[in-house]
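Each of the next two complexes has chain A plus one other chain: chain B in the first, chain C in the second.
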Partner chain A sequence: MIPFEMVEPQSLQEAVSLLDPEEPTIRPVAGGTALMLMMKAGVFQPTRLICLHAIEPEHARITVSGEALRIGAMATLSDVEHDANVAARLPVLKRAMRTLSNVRVRNVARVGGALAHGDPHMDLPPVLAALGAKVSVAGPKGHRELPVEALYSGYYETVLEKNELITSVTVPARNGRKATYMKVTSRTADDWPALGVAVSFAHKDGTIRDPIVIVSAATEKLTRMTSTEKELQGATVDDKALARAGEAAAAEAQILADAHGTAAYKRELLKVYLRRAVRQALAEG
Partner chain B sequence: MKQVGREIPRLEVRAKVTGRADYVHNLRLPGMLYGKVARATVPHGRIRRIDTASAQKIPGVHRVIAGEDIRKLIAEPYYGPAFHDQPILALNKVRHVGEPVAVVLASDPHVAERAAQMIAVEYDELPAVYDEVAAMQPDVVVHDMLKPAGTFADLKHLKGRTNTNVALDYHLRRGDLDAAMARADRVVEHTFKTQQCLHLALEPFVSVAEPGDGVLTIHTSSQTPSFVRTEIARLFGWPENRVRVKVPHLGGGFGAKVYVKLEALVAALAVLVRRPVKIALTMEEQFYMITKHPTTFRIKSGVDRDGKVVARACEVFWNGGAYADIGPRVTQKSGFTAAGPYDIDNINIDSYELYTNRTPAGALRGFGIPQLVWAYESHSDLLARELGIDPVEFRRRNVLREGRPQASGTAMKDAAIAQVLDAIAARMGWSKPFDRGHGTMRRGRGIAIGFKASISPTTSVAIVNVSADGSTTLYTSTVDMGQGSDTAFAQMVAEILDLAAEDVRVVHPDTDVTPYDMGTLGSRSLFHMGNAVRLAAEDARDKLRALAAEAGLPEGTNYPPAEIFKKRYGMQAGNIIGTASFVPTYKSPNAQTGLSDNVTPFWMIGGAGVEVEVDTETGAVRVTKLVNAADCGTPINPAIARTQLSGAAIMQLGFTLSEDMRLDGGQVTNASLADYKIPGIRDIPPMENVLVEAEQHSGPFGAKGLGESGTFGVSPAIANAIHDAVGVRITSLPITAEVVLRALRAQAGKPLEDE
Partner chain C sequence: MSNMRTINFTLNGQEVSADIEPHRNLVELLQRFDLFGARESCGQGLCGCCTVLVDGKAVSGCLYFAVWVDGKSVTTVESLDAEGVLSIVQQAFIECGAFQCGFCTPGFVLMVHQLLKEHPSPSDDDIRHYLSGNLCRCAAYPEIIEAVKVAARRA
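Our next item is the complex of A and B:
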């Protein structure tokens, strides 16, 4: 690793001011679990890192506001995993944490970093996207809010400016919707996923209503599957309907080949796991 | 108290758990420079120009050194245990991506790293060869001329050969193969392949060279300190006593850290700049040092009506990569067991070591045996199916029984093959009904057994020092890299000298202090060094008795050593040095037939039984039960022995299901732990580890080695279990979920598209 400068701003505002919209070698660092790997591999060589550990503690809190749950960007993944409100309101999020990385990483990695990193293999973004979560972003021009699914523009790319920071993510009330996330690894259990499938839907009178289907890992970026959602809208949960939805998803997703498998294989996985995800969401309640 | 057979924890466990154990990685010497290697970016090419100017300009860079600088110090800077083919730094040509081309030295490792990235090398690229079968044709020749080291008699005929990639051709001829095949009721042929994978010790390679007054000290993470000393002395043209090699703890070796790895490089650099030099590889750089041979194995068997194998032909091609390392030994020493642990009268074996433009291949926990067992035990299962015989029963009919000659002509002695097979079958409940699953989850089970000869003839020397207070120290050059040798040897010494094993101090290898040992490899230490340790302890015991007689103590009385010393020398003074060396007898195989009636001092036997669940929609394979069984003679420490068995099996599980060095145009595309997947804790199946009741009569206290035996059966047992579950046969490793799904879909007539 090549030497670099590290600064530790005391407030969010100061942190934003230290970032440079034109300079890609200046970057914020929260938990550092992803960035450090890139630095050790020489893929990223910073000149300066803006460490966010000393900004206001409120940015690390998990709070309930009205029906929604607000998770500060500096909350660790372990904070989310062990939070009583998360457990009560969003059990799917707690469950997802258990398959996400390992306890050492979860103790250090931050929610904001997990969202901003832009690696399509990460597990947290698809879960939050399927739950209809929105991220709050702070920049020199103030705050803005956007859905998690709209955060990504490409492989390791987000729509954020280089001097914008995610401050929190807000997850709306579940309102009885069913939700699940399935991480599919093709080599070892602790591998990055070959495919991530997250679904949420209302289940009324035996039919699926207002589904959200998110595919990750197998695609260049986290993707909301609108055609698949149309296929599922109003469908009864049976093998035939789920097979149709699986075919729709396999046709819709822009699946890429990589070390986890060929595109053809991952399309097969998607067909199978979309069905399994819907069934698992119903089973988990 | 009886010491041999005690299940004491490893002696060093407290030091390791509390972070106090010594590793070379932690060593810092005054004035030490860090070296960072600049590596070849092309798989095969002539070096046109190495531009080190911009690297040299970086502030803090002490010096940049390339191959020609080394040549000024050492006229012939080539090393290797079998061939003197590997340059310390590339000369004229590079032969694989990642080959060391130049080194930057700096006091700050980060500066060295940055500067190493600035070194620009221009190449005239040459065509490259990656496949072991393709390399049989000399269309692309990796080495202009073969340069056998002269250490091994059976490599001499290769000296000076040109226009070939064959670094050893080993042939075995037993009986009359053609006639037996012609008479056979059925002849069945298959081809099996294995992939390139690597050891990936959690402690990557690291060596420090420290120039001193008339002696060069090398601190290194090595399994072969004595060899390192000999080879470094040879390179410099020095006597051995001018080189001192010290080895503290190792964070794993697995056959990677044998012979010379970084030692020649740090030695040359330190002598050039007259300062201590350390090179510590990153995890990623390990992918360019040493790997496990990819193989292609064509196996053909003739069987009679009763399910007896009457003839077997084996053609094995070993992909040795750019430098021979110990590959030619793998080709021969493992090659002669290629027909499996079966009693077959007519056998041909042709085993070829090939140079290619990949990272070199050498020894990896099993020395080639797992590649062979993969083929012959997958083949055994297919034969049993073809004949409609239960796979366990088929093996029972063919297995080599005690006293019967193995393919080489050496009789099986103290080789509990049938017992290992029976133990696995019993633990698997083989004769009981089996739940075959339902729906998209299908269950199957499989078994496999294998065997291995020990590398021979090799020497071990041990010294036991009894101090005047009776406390005892053992000096050996065996490297305890986690296998528990320190503990086992301490138990042996304690047994003979009537001590507690915990009170015996074991001195780690230091060639100025500890005596010669051929190396900690091939599961040879417990047998070879164990015998030397036992004899040295007995020597010390006898000398103590003699000392007691000199002191005028009556014979047969049991005075504590401290009293004997005091009586003899009048105070707490003197010591007793017990020494012994051990080298087993051996007869070289006949050059034409490959036969010898004394090819190994002992046989290692191992096998596995596996239950799997296969997801027929995704191809995912889950191992739900793994039974590992081995004959290790009478274990010195059964608890440690069982963990050796399970550790080896887990390692082989990775080589079976997920590990795969992927190559694109000669470049390794997954050189990191993120992309090269070793098993994690959640991949490890429930295991049973069984040591069958046995005795190695020539071994110390009836024991022999088993560091590798747990690897033998795992891969084919899994493939056999998958076949049992879903009816498809996988013939190449690794068996990923995608590979299985593709086989299932091809079987169903609905193949998946290629991309």
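Our next item is the complex of A and C:
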């Protein structure tokens, strides 16, 4: 890698002040597992990295506040995987962790980085988006909050300014909603996904209520599928309804071709995996 | 560039210090101490050949900045037979023939150490899950899984 400078701010405020909204070669680094890949590939050549480790203790906690679960942005993915509150309240999140990269990467990668990186193939953003999670963001003008589903503006692009930092993500109470995440890898089991589908919904009197459907990996950015949600709203879970929802999703998603498969192939995957995801959510609870 | 910084850390039980630049990774740092058990191979955190324990947790040395071990404890495969006796895991690997060329073995051995620490009686699923991030080009996987079970029984 090409030499660069690394600075270690001692507070969140200092970290924000060291970032430069006009300078793309200055970036924050938390776990660095994704950033280092870009640096090794020569895609990103920093002049300065703002290392967030000194402010980690304050921002790595996973706490229950009211009925919601708040995950500090500096929590590692392993912290989330092994947290008792996550296991009890959001088993879908714990399950998703087991298929996310590998143990070593999860020991190092941070939740904030996994959200801010903007790679549509990542697993954590679609799961959190389907759970209705919100990120808290710190910037020079103070804090703001936005839904995870609104975080992405394009391929590896977020709506965050270059001098804003995600400080935590808050997942609301599940209130009995069913949720699951399915990823489809077309080459090896541990490959980057060709498609990610995350769903959550309430299930009352045998019908789906207030569904959230998120598609990732096959699209330029994580995408909420509102037409598909309308198709599912009030539906009974049967083959007919799920086939209709699958057709709606295939028509709605802006699917891209890449090394993981053609657009036509991924559209077929989406029809099948939306159906499976709804059924799996019901089965897993 | 006057980017060099001095870091202090525990390396296989010994207090050490090193002068290192921020763009160096942990594998490069270990090489300066003549430790070559962690090898940068895929360079992407996928193959596990660069596995090192930092504060007891397995990390990919190729995806970990060297300066980040400042104040931490680093364990490499070289420490496992420090008293001239192979670890239970190493012994099990030999008895089960859990390798051919041996290039990936240090990474597998360290991952198994973390696995057995967290799951003393691992299920087949646990074993596959923890080792899914380690690649063996000789495909000694059945023997490796057997070695984990042998080590778990003796641990």
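In the analysis below, the second predicted complex is superposed on the first by the 284 of 285 C-alpha atoms of A that agree within 3 Å, B and C clash if a C-alpha of one lies under 4 Å from a C-alpha of the other, contacts with A are read in each partner's own complex, and residues count from 1 in each chain.
Everything that follows uses one rule, which is that a residue touches a chain if its C-beta (ideal position, glycine included) is under 8 Å from a C-beta of that chain, and two chains touch if they have at least 3 such contacts.
Keep in mind that this is a model prediction, so the values were computed, not measured.
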Partner chain(s) touched by A:Arg98 [first = chain B, second = chain C, both, neither]: second
Chain B versus chain C as contact partner of A:Asp190, first or second or both or neither: both
First (chain B), second (chain C), both or neither touched by A:Val108: second
Partner chain(s) touched by A:Thr158 [first = chain B, second = chain C, both, neither]: neither
Touching partner for A:Ser216 - first (chain B), second (chain C), both, neither: neither
Touched partner set for A:Ile2, first chain B, second chain C, both or neither: both
First (chain B), second (chain C), both or neither touched by A:Thr167: neither
Touching partner for A:Leu49 - first (chain B), second (chain C), both, neither: second
First, second, both or neither for A:Leu37, with chain B first and chain C second: both
Chain C-contacting residues of chain A that also contact chain B: 1-3, 37, 40, 189-190
Sites on chain A touched by chain B in the complex: 1-3, 37, 40-42, 184, 186-192, 257, 259, 261-265, 268-269, 272
Contact set on chain C toward chain A in their complex: 1, 3, 21-23, 25, 43-46, 48, 51, 57-60, 62-65, 67-68, 111, 114, 129-130, 132-133
Chain B - residues contacting chain A, complex: 110, 113-114, 117, 282, 284, 617-618, 620, 654, 657-658, 662, 669-670, 672, 674-675, 677-680, 682-683, 736-738, 741-742, 752-755
In the complex with chain C, residue positions of chain A that touch it: 1-6, 32-33, 36-37, 40, 49, 51, 53, 78, 98, 101-105, 107-108, 189-190
